Amino acid sequence: MRVSVVGARGYVGGELVRLVLGHPELELVQATSRSCAGRPLGAVHPNLHHHSGVRFTAPEQLEPADAVLAAVPAGELAGVHQRLTSAARVVVDLSPDSRDPRTAPEPGYTLGMPELNRAALSGATRISVPGCMATAAVLALRPLVSAGLVDGEALVDARTGSSGAGTAPTTATHHPERQNALRVYRAAGHRHADEIARICGVRTRMTVTAVPLVRGVQAVVHARPPRPVSRAEVWDAYRACYAEEPFIRLVARRAGPHRLPDPQFLTGSNFADLGFDVDEDGARIVSVAALDNLMKGAAGGAVQSLNAASGIAERAGLEFPGLHAG
Amino acid sequence: MTVCPECQGQVSLPDTAMAAEIVVCEDCSSELEVVAVDPPVLALAPEVEEDWGE
Amino acid sequence: MRVSVVGARGYVGGELVRLVLGHPELELVQATSRSCAGRPLGAVHPNLHHHSGVRFTAPEQLEPADAVLAAVPAGELAGVHQRLTSAARVVVDLSPDSRDPRTAPEPGYTLGMPELNRAALSGATRISVPGCMATAAVLALRPLVSAGLVDGEALVDARTGSSGAGTAPTTATHHPERQNALRVYRAAGHRHADEIARICGVRTRMTVTAVPLVRGVQAVVHARPPRPVSRAEVWDAYRACYAEEPFIRLVARRAGPHRLPDPQFLTGSNFADLGFDVDEDGARIVSVAALDNLMKGAAGGAVQSLNAASGIAERAGLEFPGLHAG
Amino acid sequence: MRVSVVGARGYVGGELVRLVLGHPELELVQATSRSCAGRPLGAVHPNLHHHSGVRFTAPEQLEPADAVLAAVPAGELAGVHQRLTSAARVVVDLSPDSRDPRTAPEPGYTLGMPELNRAALSGATRISVPGCMATAAVLALRPLVSAGLVDGEALVDARTGSSGAGTAPTTATHHPERQNALRVYRAAGHRHADEIARICGVRTRMTVTAVPLVRGVQAVVHARPPRPVSRAEVWDAYRACYAEEPFIRLVARRAGPHRLPDPQFLTGSNFADLGFDVDEDGARIVSVAALDNLMKGAAGGAVQSLNAASGIAERAGLEFPGLHAG
Amino acid sequence: MRVSVVGARGYVGGELVRLVLGHPELELVQATSRSCAGRPLGAVHPNLHHHSGVRFTAPEQLEPADAVLAAVPAGELAGVHQRLTSAARVVVDLSPDSRDPRTAPEPGYTLGMPELNRAALSGATRISVPGCMATAAVLALRPLVSAGLVDGEALVDARTGSSGAGTAPTTATHHPERQNALRVYRAAGHRHADEIARICGVRTRMTVTAVPLVRGVQAVVHARPPRPVSRAEVWDAYRACYAEEPFIRLVARRAGPHRLPDPQFLTGSNFADLGFDVDEDGARIVSVAALDNLMKGAAGGAVQSLNAASGIAERAGLEFPGLHAG
Amino acid sequence: MTVCPECQGQVSLPDTAMAAEIVVCEDCSSELEVVAVDPPVLALAPEVEEDWGE
């Protein structure tokens, strides 16, 4: 399958390019950037130095391909959408634009989250990948909702690394300000809360903290069950949803330093780790999801969705398990 | 077959299981200690408290 | 006032020594360590190299002083308590032992938190400094409780740097495991929750995460008011408690990268920053406290309490405001 | 090819296991650990959770295989060597023991560095992988020596992340001591200097600094040419050695933030990046090598050598290019 | 003494303000910023929140004071110099402009480095503080030169944290690019080398690496003595220069994790730590200097120089010793 | 064929090369600016100084 990446200078775009180049069934046609047209990929993404002969091309030069993966900033999809749909039959969008009816350039985008709607994805030609925090929160919360374990609202406490902000330097991401930050930048309210609520069918309140990491999202979901629950019941809820999922791992060790999902082990990987604990009185479930925001939360999720849509083995090109001491 | 004390999943003990041996629940990955063999009883490894910021 | 520090090899003990040496009214008599007796302070605490002629002495060699500041690990107070009380009229304990009736070597320890009981501290000779997470959580939560803004339980989400674990190396604090950790090491239940609940008079649920920092504690408290509240009401609640407090700063900027309390600016400082936000519907208050676990959360709080107990100006020796880009 | 890993609980061992599991031509037979026998791999290496059914086995239980990859600490090879050679025809050792005639359990170990002795490696059954700092320094220095560009001694300034110290926690690797360290722990003299000198045929002086990273080694080599040189001459020297090398990339950009080799882009990758600059007067060459100490500097180098020895495509199982913003 | 700070929004300016506010003999008159005039200091420097009633004023509003401390970017001094000299009798400049005859707005600036020219500073009214890397390198190198221990050229390997780049965000300081960087951004040649050479009277070659820290500079100087030397001789050389210096500490422990100067212990402090080692054959001296670039390397050095110039005790306002586990 | 100003390697310019176009040296990966086409002349992209710690 011949694939182009639009927005390839960005962090998500760089991962898309890396994944396509390493994918057994995909072939990279073009990688676009307005500001770096003509330059080698390695000039921007040093990990891709000498990795491919492809150079950045201007988005205006987009040529026909089988699929286009688009990772432009929020608000920019409308401006390029016509070009994407002309170039390829399948469009996978990673921006928030296609996820919101108010900004979607056309209706009919399918949610790119195989764990939720694998069937609908099969054969889809317009795929919209959810955001990284929404992915983490939804993965953690949905099994609880499905099992009837959430009474009233859920609280989503999301923690995020700096790469979630993209490549544009600002004072907020200036290293001396960010390196040791524990920045509660959204204490109350967050647009992702609505997205999560919509997908999971339960009201959520959200708080977001920027933490001293480059990659990684961790969502800690606090939920009150309608009656006291045991750990075994929560295990059942998770297994009911994810027993067969290729990219979900249940992690809830009772000993050792690494007990619950920690994004440090998922850098570069498409896995999402899920785990939980329950208060002694059974009155609160604390559910934890970890993933790499640029992978399962963006580029990896997109390729997984493209695999699912195109009848390619879902794990193809996405086997990297992450590192210990990475 | 014995029941996992963590997740209530079914754990199959090898015939040769001995007391103090560690078995792993396939369902939840818990490491379980065989505390008795006849009948088989499994226990969670003891939780070790870690403490920061006392 | 002549002061000795017991447990001076530790992180809290090292800060106690630094503070006593820089304090206009205190004089350092001894600094004890079992393992480093005879060695200069700088051999363990490089920042104190050549800073004082005092060397570590064995705790058995403890000499008379006016006050002893003790920072031994949990469980070790009983073994040294007799020696402390023999050596000095005033004992300030920083371990958890004196805070809990089950482990306190004698009754009558006064809580070392001037913000709560300044009057009781005046003239006190047995002072027990609360833990760093409890300090942060209590400072954030108490004004809400006092103002009747907490309905039911409160949720305390605490984040902590690695120095909270003390000086003993373990796999959990081994750099390759800890540098990029987002480790939810206590998802559900925590003995600090009881301490906080006792002091604040409201049931609390707690989750604790180790984050990639050396110093710093941040407590994010989620509370539901009995009826929708405005930001102004919450401001009132905080001001009612802390308007005159020398070490409490209310921080809730609406612009710029640094809006809510972040421990990065408090390293080495005795200030605690407090701030908050309210959900749009007024149905949740998110309150944030930040402090340096070794300072306001331990050594600084101890010196502040000793100042308060001894009629010394409460800010004496504690003026360092912290750093920007530190 | 059926392969076992001895010392699989360690950081190098964990990477060996990961590489063998992802290698198209290798199959993991056993992974040994004395302390974790019976436990799943994921209990120690969270990235390998659910990745394989293999559990740790005691080294005493080592079964026959085609090759054994051994990553035990310095000084421990002799104790297990008999067991390794009994179990497998091919032994690849990653410890320093087999590299030094004084500690080698038997003569005849071949240096596991295909860039230097690919021919000798073909068919080898005893392979000794050089250390991570030596690998970096040798890769940077040897082309200069070969081209006659080093007059007198060379100075090797090595910088290393914390994973180079292995898994045993000590005060030196305790997170609060290590997180912000710029620790010149070997200012003068270093046993690696001899190893480098021996391989490159030039006297070297060495300084080693521990820097605030988990993974990564960077060697900065300062050399004086016998006469002023141009950049083009140095390019020639590097190309003469490495033009066809599968895992060497020459990196010397003149613009942008990332100009010379930086290990941050090589985490998890087997590539070594090499670059250089020349003083304006042509009187000093500064040559920079970067690699991942656990990969090209250990486990990756071992698998590459095993590939070369066994007639497997040298890049097999080692394609991961590293990450941008990782 | 009444003092104003020009360029107070910057990192150096923020430290100047903090030091003046905490100084027993200085009083802050004004703190200028073009972009933040009218705003409280805490809006930019969160550590100074509520610390003083002073707000930023526009540089055009500069009022008379006894001294002005100016920390504007390179190239900007000329534009404000007239205003500075009109406002105050004493001008201390921290930019590179006054250090270089080609850019100095007037001749007669005295080098602000009391360790070198304390006598000349007494009564000086134009003081130029050297750069942070130059300060570190000069402190390490000069004693060796004075003692005749440097034969030929010296090599200066400087490592720097990100705050050295100031407050302007760029891709180079964008957190995802910088957090794990080991960036040899000046391998060969550097204009500081000339400054160092000029002050020390010996040719130097320089390499500069950006390391994963916010604060701190470390200079590692490699020098060849004309004949083999012993450690004792080098100790003598350092003591001859610095025995009485209030802000120089000689650090060369033979045991423990912290043996040679490490900037991690100097954050916020005006101390410079110096140490060294000698190769076994006595043929190379490796000398290490560490300091806080914003303190001893800028704001602290400026206040120390102002103290020296004004007959104030040199340590006044500069007693903070730094932190352990900071 | 033109000579790379960085490494003296041979750089083949496309026939359509225009002034100000960027070409990449296959040998050293340098990005080179076409400053003239007839005869072709290549120049290194200007180095931008980065400065920390002035």
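Each chain gets a letter, A, B, C, D, E and F, in the order it is written, and its residues are counted from 1.
Heads up, the rule we're going with is that a contact is a pair of C-beta atoms (placed from the backbone, for glycine too) under 8 Å apart; a residue touches a chain by one contact, two chains touch by 3 or more.
Not measured: the values here are computed from a predicted model.
A.B. asks: Which chains make contact with chain B and with chain F at once?
C.D. replies: A, D
A.B. asks: Tell me whether chain A and chain D, two copies of the same sequence, contact each other through the same residue numbers or different ones, using over half shared as the line for same.
C.D. replies: Over half shared, hence same.
A.B. asks: Tell me which chain's centre, taken as the mean of its C-alpha atoms, is farthest from chain C.
C.D. replies: Farthest by centroid: F.
A.B. asks: Could you work out which chain's C-alpha centre is the most distant one from the centre of chain E?
C.D. replies: Most remote chain from chain E, centroid-wise, comes out as B.
A.B. asks: Determine the centre-to-centre distance between chain B and chain E, using the mean Cα coordinates as centres, and give it in whole Å.
C.D. replies: One centre to the other, that is 59 Å.
A.B. asks: From the mean C-alpha coordinate of chain D to that of chain F, what's the distance rounded to whole Å?
C.D. replies: About 34 Å separates the centre of chain D from that of chain F.
A.B. asks: For chain C and chain E, what's the span in angstrom between their mean Cα positions?
C.D. replies: 33
A.B. asks: For chain D, write out the residues touching at least two other chains, lowest number first.
C.D. replies: 11, 43, 49-50, 163, 170-171, 176, 180, 212, 214, 251, 253, 256-258, 262, 325-326
A.B. asks: Residues of chain B that contact two or more other chains, please.
C.D. replies: 29, 31, 50
A.B. asks: Help me check something: in the complex, which residues belonging to chain A touch chain C?
C.D. replies: Residue positions touching the partner: 155, 157, 159, 170-172, 176-177, 180-185, 187-189, 205, 207, 209, 211-213, 216, 218, 220, 222, 256-264, 276-280, 284, 286, 288, 290, 325-326.
A.B. asks: Show me the residue ranges of chain F that touch chain D in the complex, using the header's touch definition.
C.D. replies: 6-9, 27-31, 44-48, 50
A.B. asks: Please output the residues of chain C touching chain D within their complex, sorted ascending.
C.D. replies: So the residues of chain C in touch with chain D come to 11, 161-163, 165, 167, 169-171, 173-176, 178-180, 212, 214.
A.B. asks: What residues on chain D touch chain B, complex-wise?
C.D. replies: Counting only chain D, the residues touching chain B are 38-40, 42-43, 49-50, 55.
A.B. asks: Hey, which residues of chain F end up touching chain A in the complex?
C.D. replies: The contact residues of chain F facing chain A are 21-22, 24, 29, 31.
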